[in-house]
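Chain naming follows the written order as A, B, C and D, and within any one chain the residues start at number 1.
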Amino acid sequence: MRVGEALDKDGFAALASEGVPYVGLLDVRVEHFREGDVAVRLPYRELLLRPGGTICGPAIMALADIALYGIALSHVGRVPLAVTTDLTVHFLAKPHTGDLIGHARTLKAGKRLIIGECEVSAEIDGQLVAHVVGTYSVPPVQPG
Amino acid sequence: MRVGEALDKDGFAALASEGVPYVGLLDVRVEHFREGDVAVRLPYRELLLRPGGTICGPAIMALADIALYGIALSHVGRVPLAVTTDLTVHFLAKPHTGDLIGHARTLKAGKRLIIGECEVSAEIDGQLVAHVVGTYSVPPVQPG
Amino acid sequence: MRVGEALDKDGFAALASEGVPYVGLLDVRVEHFREGDVAVRLPYRELLLRPGGTICGPAIMALADIALYGIALSHVGRVPLAVTTDLTVHFLAKPHTGDLIGHARTLKAGKRLIIGECEVSAEIDGQLVAHVVGTYSVPPVQPG
Amino acid sequence: MRVGEALDKDGFAALASEGVPYVGLLDVRVEHFREGDVAVRLPYRELLLRPGGTICGPAIMALADIALYGIALSHVGRVPLAVTTDLTVHFLAKPHTGDLIGHARTLKAGKRLIIGECEVSAEIDGQLVAHVVGTYSVPPVQPG
């Protein structure tokens, strides 16, 4: 099903942080990147906190979007035109202090749509912070 | 149904940009703030762009979250503990160049849950960019 | 964008109630069927009630799915392979007694994905009962 | 966190099929019912099929709603007023022939909201058919 150049962890890490300054500020780290199994770390930084010292919702949603984009690219390779179609977030708990991990896996890898789910949890104790489902649309293959 | 101090446009604008630096970077402007009807502007800024010059998805989701939080506060007043419970985003089109407007309205204003929908559109031509539904949980009133 | 034979109200009504007995039991009526604007009525019947005399959630979801399927077909014509990809329902209130109306409109009519929203309301007083967003995938055109 | 009388598998099975004739027609069977872990079987029956011989979407959504309702009751006991607040379904594949299993687990068991996810799969080969996330609102405890 790959339609673009194969990607590895470093290749995906570069894609995930380049090109969009607002997302680059999150300073995420790719923990692992395998077909259908991607984990991304969001470092605990003052920039991301809201009153009370917990990481804000928009940063949590951005983390999940990155990890799920990784799931899509893990199947199709470097396809810059893969785009998010829908994202459903349920916030489960205020995160405990420390880094967050977004761990995504594939629900469906179709020719046109890739659907994944991502659990966001606090690294320190595995506390579940958010659950996210997302769909990514992959452009049709162009005959070469 | 109000449980906190009443809020006006300036009061909500302060709440929406204070306290969370990552969200403050969006530099949003409150266009109007009425009970059940809130509009928030996201200025077109290089920080928010992705390759191709369109505003990135995480900034669009953050804009909708702010406008929908405004809907919740427009009913209950200044209740800092109102929290997002779920958010469902459908991305409809890459935005045309320029500011985006997130326009939110109430679907349900219950005692415990407030549900709203937000249409995000390009200001320049009204092009619909994203549709978002969100639920906000309001803490129970504490007898004084 | 039409890829199948054009459909009118009666053609859609036949499609909506034939072929799937469990859905046919709902006995829905198509109120109107225009491009991007479809309304479907769910008659109040004992079969659909739960204790308390209100129409049950699964019947409300089925009604919205039918109306949103109508939106998809209103753009592409008679394409039996159009399938629901995702459906997000927020239940807003227990319906007042009487028929329900599912009123759907287009959010995006793309070549591959059609996204719509549907408001379900009680006919008797317009009370909003549920809000639904759905995505439908349209199979690629086969060259003739 | 229990607020109602404790429920076992048979008690939940009775609740799941009584009272709502349209849902009773599904003839579901509770496979297991433990706190935070509920499985429900949907028998393959002609009533539920659409052309092509696969179980229709509305029956799949109803199955998931039942299993997730079971998750809510597994935490709070027999609380007839627990209601579905939101349900997000992603359809992943047309089911293979045979019974479907809806397997649900807890994402969050809060005092007011219980959030669960449900995977619907074909029993014959475990094929993943749909992924569902749902929120259930639990009414406040009344002081006795």
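Methods note: a residue touches a chain if its C-beta (ideal position, glycine included) is under 8 Å from a C-beta of that chain, and two chains touch if they have at least 3 such contacts.
Predicted model, so just to flag it, every value in this text is computed and none were measured.
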Winner on C-beta contact pairs when A-B is weighed against A-D: A-B
Label of the chain whose CA centroid is most distant from the centroid of chain C: A
Whole-Å gap separating chain A and chain C, where each centre is the average of the chain's CA atoms: 32
Gap in Å, rounded to a whole number, between the CA centres of chain B and chain A: 22
Geometric centre distance via CA averages, chain D-chain A, whole Å: 29
Two or more partner chains touched - positions in chain B: 85-86, 88, 90, 135
Of chain A, residues touching chain C in the complex: 85-86, 88, 112-113, 135, 137, 140
Residues of chain B touching chain A in the complex: 19-23, 25, 46-51, 56-59, 61-62, 65, 80, 83-91, 94
Chain D partner contacts - residues on chain A that touch it in the complex: 88, 90, 92-93, 107-108, 115, 117, 128, 131, 133, 135
